[in-house]
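Two complexes are shown next, each including chain A; its partner changes from chain B in the first to chain C in the second.
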Partner chain A sequence: MTLELRQVALEVGGETHIHPTDLRLERGGFNILLGTTRAGKTTLMHLMAGLERPTAGQVWFEGRDVTGISVRRRNVAMVHQQFINYPSLSVFENIASPLRVARMARAEIDARVREAADLLKLTPMLGRRPDELSGGQQQRTAIARALVKDADLVLLDEPLANLDYKLREELREELPRLFEAKGAVVVYATTEPSEALLLAGHTATLHEGRVTGFGPTGALYRAPGDLLTAQVFSEPPINLGRVEKRGGRVALAQDGAALAEWDAPAALSEAADGTYTMGLRPHFVQPANGSGLPEVEGRVLVTELSGSESVAHFELAGQPWVSQAHGIHPFEVGLTARFALETARAFYFDGAGRRVGS
Partner chain B sequence: MRYLSWLVPTFYILFLLMPIYWLVAMSFKTTNEILGGFSLYPQVWTFDNYAVIFTDPSWYWGYINSIIYVSLNTVVSVGVALPAAYAFSRYRFLGDKHLFFWLLTNRMAPPAVFALPFVQLYYAVELFDTHIGVALAHCLFNVPLAVWILEGFMRGVPRELDETAYIDGYSFPRFFTRIFLPTIRSGVGVAAFFCFMFSWVELLLAKTLTKVAAKPIAAIMTKTASSAGYELGLLAAAGVLTIIPGAIVIYFVRNYIAKGFALGRV
Partner chain C sequence: MRRTNQIGWLFVAPVLLLVAFNALIPLMTVVNYSVQESFGDNVFFWSGLQWFEQLLNEDRFHAALGRQLMFTGIILAIELPLGVAIALCMPKKGPFVPVCLVLMALPLLIPWNVVGAMWNILALPEIGLLGYGLNAAGIDFNFTQSPVDAWITIVAMDVWHWTSLVVLLAFAGLSAIPDAYYQAARIDGASRWSVFRHIELPKMKRVLTIAVLLRFMDSFMIYTEISVLTGGGPGNATTLLSIDLVKKALGQFDLGPAAAMSLVYFLITLLVSWLFYTLMTRGEQ
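This part shows the complex of A and B:
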């Protein structure tokens, strides 16, 4: 099954919410929409579901134009970030609701609801009301309702965002398994790059209503096509620096003075001389250890130590930079520290934000 | 000091209940005893006052009239307010905020202002002295109130609930009656309660717009006081019976009202 957006755009009151978008989402594996809050993930889902009608473009499903068809006539299921259940109905009736509306036979409804409840460990709760359940169970109920329907298109809008850490881990592992067998096109929205990487599948990065990049999740992460995609797909935020390329050398410069210099990589050496933006993920910025990598000096602003990881925010050439290193490194806030840059892993973006060599 | 802490609330409640006790006590006294002097409780118990009310049609029809138009008004007000409140809570349209505020300003004028136009209009369209006439007149201030209350409750229901229902395949009418109404039933309860209450205690319009056929109990009470001299025991009994419907309704919605206050709309 395939969901295809062809030049789909949405304008509300003269304001562009979604820029013309082309996307082709296949079944099997999750299709992840990655972007910050208000990037347009939910709106795009509404357009896919038919809850909202695009002001331009078409939505195709299975080779059929479904643009003007209301959501009721499409076979769609959706799970929201807030735990949305029908408060007046029991958990059983909540899960059965789409089947009841479809006038399915009583015995079949019963069998399907019990199967879904079993998968989501809700069997003892079937007689209760949603507000008597814990947050995790409420969201499981919503997921079960999406599951029983055998929908062609399943939209999961940050379904784990409001859950605590442990439940989130647990459900994240279960979700792909639950929907795998269903043969639906599954779309999953998240704000967290790490979640996208864990879920794999395909990822589309969104920024201010625009799809900036789309591809297999790992490939998109390793080789983002442009600056925005790299920025959206990095947490902590990707470090950016202005670099000057002269001949075969690249220099990270501030006010004309080079802070660090290194050989241009193959992709960049073929590009014209001039100013580029370098993007370097935080875990490629390590405390200096004399390994011969280009080193820079920056004033440490904030440090965060977790059990096995040190994160230091520092200032470099007027830009906020982040270093993310394994082990405990004692950084003193307010003092300068030296950092080594794994420049071989850096991305270089031209003036238009395109990655050089992409 | 601590063991005296029950004292203040006790006195407070006694103080509040004093007039009600006095009314109830009076209703069981003869008029002579009431006028004769000060007595804390009836010296001679009498049920004659109640007997008069339950046997004399000019009395008990007052109650029936009141209950008819109050119930009509509650049904009409809430019925009209439900779709209006839904629109205010879910859609944005031209002038929605102004319209919402204007609804409230309808409550700012005293009902007396509307008495004259209503009488004139009702004679013309033959609504004068009918139950539905009084019920419609009371809609003037009850519909805005119900819209205001219901909108608060509906706003508390996330829009995603509507979306989920449409995705599940519900049509709008089915969603509204099967899912949405049960979800905000406490709001409907609170709105109905306030409509009932305000219609029940409103005297001026109800009295002005009726003559015989739909005359409310409160109007009959004032009439008796003027024509038949001082039948204080009878009036007290009528007063006690007038309190009862309100008390019953309060009992049923007592839990919801706290929620209504919490939402800041009551």
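This part shows the complex of A and C:
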């Protein structure tokens, strides 16, 4: 099954909510919409579902134009960030509700509901009402409702965002297993790059109503096509620096003085001389250890130590930078520290934000 | 072992004192009157439960209580569904929301005696817009002579005055429902009726409980509007409990029986409110 957006756009009251978007989502594996709050993930999902009608472009499903068809007549299921269940109905009736609307036979409804409840560990709760359940169980009920329907398109809109850490881990592992067997096109919205990487599949990065990049999740992470995609797909935020390229050499410069200098990689040395933006993920910025990598000095602003890693925020050439290193590294806030840059892993972006060599 | 912290009493003492002065002491005065026979010159005799016995066996009290229950029943049956229906029809977003809310709130801002006077003038058959209009249209309408017409007028007045309160409460309940519920219902293919039955109604339950309680208590104690509009007439047709009580206490100056009636009236109001509350919040933690 395939869901295709062809130049789909949405304008509300003269304001562009979604810029013309082309996207082709296949069944098998999750299709992840990654972006910050208000990037347009939910709106894009509404357009896919038919909850909202695009002001331009078409939505195609299985080779059929479904643009004008209301969500009632499409076979869609959705799980929201808030736990949405019918408050006065039991868990059983909640899960059964889409089947009852579809006028399915009583015995079949019973069998399907029990199967879904079993998968989501809700069997003992079937007789309770949603307000008698924990948050995790409420969301499981909503997921079960999406599951029984055998929908062609399943939309999961930050379904784990309101759950605590443990439940999130648990459900994140279960979700792909639950929905992949169903053969639906599954779309999953999240604000967290790490969640996208954990779920794999394909990822589309969104920024201010625009899809900036789309591809297999790992590939998009390793080789983002442009600066915005790299920024959306990095947590902690990707480090940016203005670099001067002259011939085969690259220099990170501030006020004409080079802070660090290194050999340009193949892709960049073929490009024209001039100013580029370098993007370097925080885990490629390490405390200096004399390994021969280009080193820079910066004043440490904030440090965060977790059990296994150290994060240091520092200032470099007037920009906020972040270093993320394994182990415990004692940084003194307010003092300067030396950091080594794994420049071989850096991305270079031209004036238009395109990645050089992409 | 449970330790009780005695200093807590010190902190609630001012409130207790205030409640004592404005609720308990007046109430106890009423209790005092209700067990005594009074004469002029401040002469009182102990009469025990005589006034209570007399009251509970009195046809006049039964009739007033019956009229009161009928009035409250009728206006609850009209105002609640009507209020919810209006709230459902109101726009949820946009510039017309404040306009609608202000229009709805207007009747609530009018003093009760003014409402009574307005409807009195409005319904007068000789000069009132409504009364004259109805008669001109060939409908025989005179609330000062026909008990049925009087009842129609007081019910219409109360519905006009207080439905807004239900509308505002129901609207507040509706506005608190996240859009995602409606989207989920659309995705399920649920009908308008199921959206109302399974989403809107349960989500409004709490505010509607408040609405029922407020409307019950207010209508059960209604005095000013009806006193101004019909004065309890024609005859005793619209003499509800409070009007009967005032006739007894101030008209006849029967302090003992009036005090006994006040207490019974108060207990009925309390009991029915408690019943409503218990029934409507049943099954909640």
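By our rule, the second predicted complex is superposed on the first by the 358 of 358 C-alpha atoms of A that agree within 3 Å, B and C clash if a C-alpha of one lies under 4 Å from a C-alpha of the other, contacts with A are read in each partner's own complex, and residues count from 1 in each chain.
By our rule, a contact is a pair of C-beta atoms (placed from the backbone, for glycine too) under 8 Å apart; a residue touches a chain by one contact, two chains touch by 3 or more.
Values in this document were obtained by computation on a predicted structure and should not be read as measured data.
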| item | value |
| --- | --- |
| Combined model on chain A where chain B meets chain C, clash or fit | clash |
| Touching partner for A:P87 - first (chain B), second (chain C), both, neither | both |
| Chain B versus chain C as contact partner of A:P98, first or second or both or neither | both |
| First, second, both or neither for A:R72, with chain B first and chain C second | both |
| Touched partner set for A:A219, first chain B, second chain C, both or neither | neither |
| Touched partner set for A:A267, first chain B, second chain C, both or neither | neither |
| Shared chain A contacts, counted only where both chain B and chain C touch the same residue | 46, 49, 51, 70-72, 76-78, 80, 82, 84, 86-89, 97-98, 101-102, 142, 145 |
| Complex contact set, residues of chain A against chain B | 46, 49, 51, 70-72, 76-78, 80, 82, 84, 86-89, 97-98, 101-102, 142, 145, 149 |
| Chain B residues within the chain A interface of the complex | 158, 160-161, 163-171, 174, 179, 182-183, 185 |
| Chain A partner contacts - residues on chain C that touch it in the complex | 178, 180-181, 183-184, 186-190, 197-199, 201-203, 285 |
| Complex interface listing, chain A residues touching chain C | 46, 49, 51, 70-72, 76-78, 80-82, 84, 86-89, 97-98, 101-102, 132, 142, 145 |
